[in-house]
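In the two assemblies presented below, subunit A is common to both, partnered first by subunit B and then by subunit C.
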Partner chain A sequence: MVNECNWGLCHHGLFGDVVEVVVSKPNPFWRLVFEPVLEFLSLVAKTLVGIVQPPYRVKDLVKQLDFVIWQSAPVVIFSVSFAAIVTIIEASFHMKLVIKNDALVPGFAALLILRELGAVVSALLITSRVGAGLAAEVGTMKVTEQIDALRMLGIQPIKYLVVPRFLACVIGGFVLSIIANLVCLYAAMLVSQVQLGYSPGSFIVAMRSFVSFQDLIFAAIKGACFGAVIPLFSCFYGFRCESGADGVGSATTKSVVSTSVAIIVLDFILGYIFSYMY
Partner chain B sequence: MRSEIKVGLLFLLTIGLVAAFAFYLGAFNPFSNANKLTVMYNFAGGIEVGSPVRVMGIKVGRVTDIRFDPMGKDAKGREVKLKVDITVDKKAWKTVRQDSRFFINLAGVIGEKFIEISPGSLESDTLKPGQSVRGEDPPRVDQLISQSYGLAGKVMEFVESNETSVIDTINMMNSLVSNLNKTLKLVDKTTQNRDARKLIKNVSAISDDVAFFTAELRGPEGQKTVKLVNELIHRLKGLDAKTIKTFLQEEGIKAKLF
Partner chain C sequence: MSQFEIECRGVSKAFDDVLLLHSIQLQISKGETFVLIGPSGQGKSVFLKILCGLMPPSQGEVLHQGDNLYQISDSKRNLKMQDIGMLFQKNALFDSLTCAENIAFPLREITDQSEAEIQDKIGHFLEAVELPHARDLYPHEISGGMQKRLGIARALALNPKLIFYDDPTAGLDPITSRTIIDLILQLREQNDSTVIAITNDMGRAYQMADRIGMIVDRELIITGSVADTKSHADPRVSQFINGDLSGPLTEAQ
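What follows is the complex of A and B.
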């Protein structure tokens, strides 16, 4: 084999045989493009299998949920509140510029917050907080050969490291996007009362004519999907981490960049799909 | 604090927030204090599930469901194929009566559709919860346009098929109007004429005099005179040519006597 598979997916994964065939090719194109893609798919498949396979590590899951939801919540809430305030003020400015009236601002700013802002901003914040930490953690474990040690002890590294983090991030994305969205709406309501002079009642009335309950459900589904992407990319780059502090740093950077890009692309895809469900 | 407690608290907070959001959007209300009604329409003009229901302009409920019923009939046996389920708050329930009418209206800058219920009169009974009532179908703008389009087509058709007679009529009316115009001008010129003015003045003076005399005639003196004349005429009734001749002869004789 020209390039050795990094974390033993080649011989055991669902795509093991394919990976072996691909990595045995001497062509650098195969190695640069197909090997990472197949390794990633293998990681996804193993993670999904690991979710349903016992033993279930509930304690690990709760610990990760604490890390993902409880510790991220203040940052997320603080940031999205400001994003909502900016949205309201900007929308009002633009509407006054165009039609000299901002009566509809509470309604469609609320819709914008629910459909896009709440889920995407909170997912990007979770990425920078949880994803970077995860990539650095797994990368360091890889560099210090702790993953090999786990494997020697008969513990599957994916089952032990990725599955609890994956579940925590999916649930965390779901919960945080709901909390972020509703706090965001609350902040928008406050700012539209203080700045634009619309009472909370008129804000809710304007919101009702645009927003339906399914918007929140779609936002939560989006949050869960974004949450699923974060640990997969982070762990993927962590497992591929090269030795040294440089390697860990580069793995962390790559994971955050690719997760952010993936979230934005996924947002487009999900937004497109959901637009057919209205 | 233990991780389990923190995570549990956040889950509870999330569930609470979702419930509050659903409550404010009107999608879910555990403390519902409303009665249901089914309003039947043949055309609902853009009503949606969640549209508000108002009594005298105040929101008292919303549309909960819209059903198609191809076999549907109202109390009088007429076909009504659309059933709209609405809720009406109990505080407004007593104002909605048997003779209330259910209109579909449009409001607000964004053209929100709502069901407006007119309050019923005190003589009629209150409705029963869950009762079916007939709503007033809103006017269909599309139908109106198509009807006026048809009317315009018929007018065009009539004009085209009777083109010569229509043109004749118009020509006749044209000459009539020009004649009238000429006449009016002539009248105008006449009133400007000095002789004509004098004539009019004289006529006016005569009519004034006549008025004066007739006024006098209407007085007690006049009445007396009229009575006397009347009497005289009655007395003269018996006179004919023969009598007059005789009378004249007698007078003649008498005259001869003088």
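What follows is the complex of A and C.
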């Protein structure tokens, strides 16, 4: 006997045959580990195919861009400003303590902001705002059979639900990462002027000796990659949602935790790759 | 082209090694109304989902006009699905869309009809299910019976030739139930469609069925026409349709 794939898509997916083989294995470990991995890969593959396949859902994309970028921007700007302020004050305090001089603070702060802080903090904020909502939305649709209703109409749920959100999150991650980094730098410059006594000109000169425009581009690329991860994990857990309020809650929690972990791991991988490009 | 609208060949279904349905054979002819009855938890909804293409069987084949629904390509399958309508047990209405938008959704997504034609159809279907006043209301703003009728209207929006109803009268009062079944039969006549329905309300089953089947103990017992079902020899069937407290169904529990 072959057990059912969770969202009934693997049997028609790119990995259909592999899933059939895996789920027919008697060892439950195979099902517990490999089935979710293959389902996730199937989701990724179908999403990528869905991007290039017509019809193109421009209206949905615009709606999602508004949700991801416009509606997330205030939260991201507010939060990263404080993260930048804390960073520069802490850096100054410890440099003064250890080397009795905080002249390198603007440069180090800018380096930290552009290489890590801006992209990662904004991605984690998008995860908590957009990702959690997405997992709950898709999970509720699964539980109330709305996903099945889409399939009965001959509409592919991945094409309809995931693709516009995926594109919006990739573009949103890219744009919000740039915005977050610029806001962070501005906040850091402001604090260094008010609190540490560096003029904006001296801050920029010190900053330029540590970072370049390339860093901002790499930060934006990181933001786009983090953005890609958010809808994939959120929709994956939404599609696997089990019935009841418990099921939706559990799917949302799993999606936020997994996405956050994935972003941290991806940050390490991208940071490592980018280190060869400087 | 197969002579049957749907054909099931040795369909079995298991969840985590628990066998729910075993080697079910069924043929449903074009234009027929087949009603599935049976005690709760025996797999009626699962069987319906297998038949309509939403849930692959663990073993066996489901043929729609000769094509195995679970073997054909995604694109061909999506096209076939557009010829199938389904009313879900919990209606599965799109809760972010109004009643009118729920009906318009398949028309806008699937067909190339102009907005004027779509508006005409919305009006037509809302009239047919007696919901013209609920046009701009959201599903959560209307009653259970109205949601059911809206679900029927959405299921029929693409004029499907094969329609599945999963417990269309669940939770409804007797008068609304009768109205819903009358509506189903009237629309079946209009569209010359094949209907497969689940119900545990024997009155409604007798009202609409050409043939009845009962799912019990992992098997499908084809009890035949309404008259045949009423006089069926299997004690499980007679216990179920008479609602007897004692008999093989309750003893097994």
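The criterion applied here is as follows: the second predicted complex is superposed on the first by the 276 of 278 C-alpha atoms of A that agree within 3 Å, B and C clash if a C-alpha of one lies under 4 Å from a C-alpha of the other, contacts with A are read in each partner's own complex, and residues count from 1 in each chain.
FYI, contacts are C-beta pairs under 8 Å (C-beta built on N, C-alpha and C of every residue); 3 or more make two chains touch, one makes a residue touch a chain.
As the structure is a prediction and not an experimental result, all values here were calculated from the model.
Peer 1: Label the relationship between subunit B and subunit C on subunit A in the superposed model as either fit or clash.
Peer 2: fit
Peer 1: Where does A:Trp70 make contact in the superposed view: on subunit B (first), on subunit C (second), on both, or on neither?
Peer 2: First partner only, subunit B.
Peer 1: Applying the document's definition of touch, where does A:Val194 land relative to subunit B and subunit C: first, second, both, or neither?
Peer 2: A:Val194 contacts neither subunit B nor subunit C.
Peer 1: Who does A:Val37 touch here: subunit B (first), subunit C (second), both, or neither?
Peer 2: neither
Peer 1: If we overlay the two complexes on their shared chain A, which of subunit B and subunit C does A:Leu48 touch? Say first, second, both or neither.
Peer 2: After superposing on A, A:Leu48 lies clear of both subunit B and subunit C.
Peer 1: Measure off the angle at the C-alpha centre of subunit A toward the C-alpha centres of subunit B and subunit C in the combined model, and quote it in steps of 10°.
Peer 2: 170
Peer 1: Could you look at A:Val265 and tell me whether it touches subunit B, subunit C, both or neither (first, second, both, neither)?
Peer 2: neither
Peer 1: Figure out whether A:Arg151 sits in contact with subunit B (first) or subunit C (second), or with both, or with neither.
Peer 2: Second partner only.
Peer 1: Can you give the closest approach of subunit B to subunit C, taken over C-alpha atoms and in whole Å, for the superposition?
Peer 2: 17
Peer 1: Shared contact residues on subunit A for subunit B and subunit C?
Peer 2: none
Peer 1: For the complex, give me every residue of subunit A touching subunit C.
Peer 2: 1-5, 8, 11-12, 144-146, 148-149, 151-156
Peer 1: Okay, in this complex, where on subunit A does subunit B touch?
Peer 2: 62-63, 65-66, 69-70, 73, 103-104, 107, 175, 178-179, 182, 185, 204, 207-209, 211-213, 216
Peer 1: So in the complex, which bits of subunit B are touching subunit A?
Peer 2: Where subunit B meets subunit A, its residues are 3-4, 6-7, 10-11, 13-14, 17-18, 20-22, 24-28, 50, 108-110, 112.
Peer 1: What residues on subunit C touch subunit A, complex-wise?
Peer 2: 12-17, 19, 49, 52-56, 58-59, 70, 74, 77-82, 84-86, 88-90, 92-95, 105-106, 109-110, 154, 158
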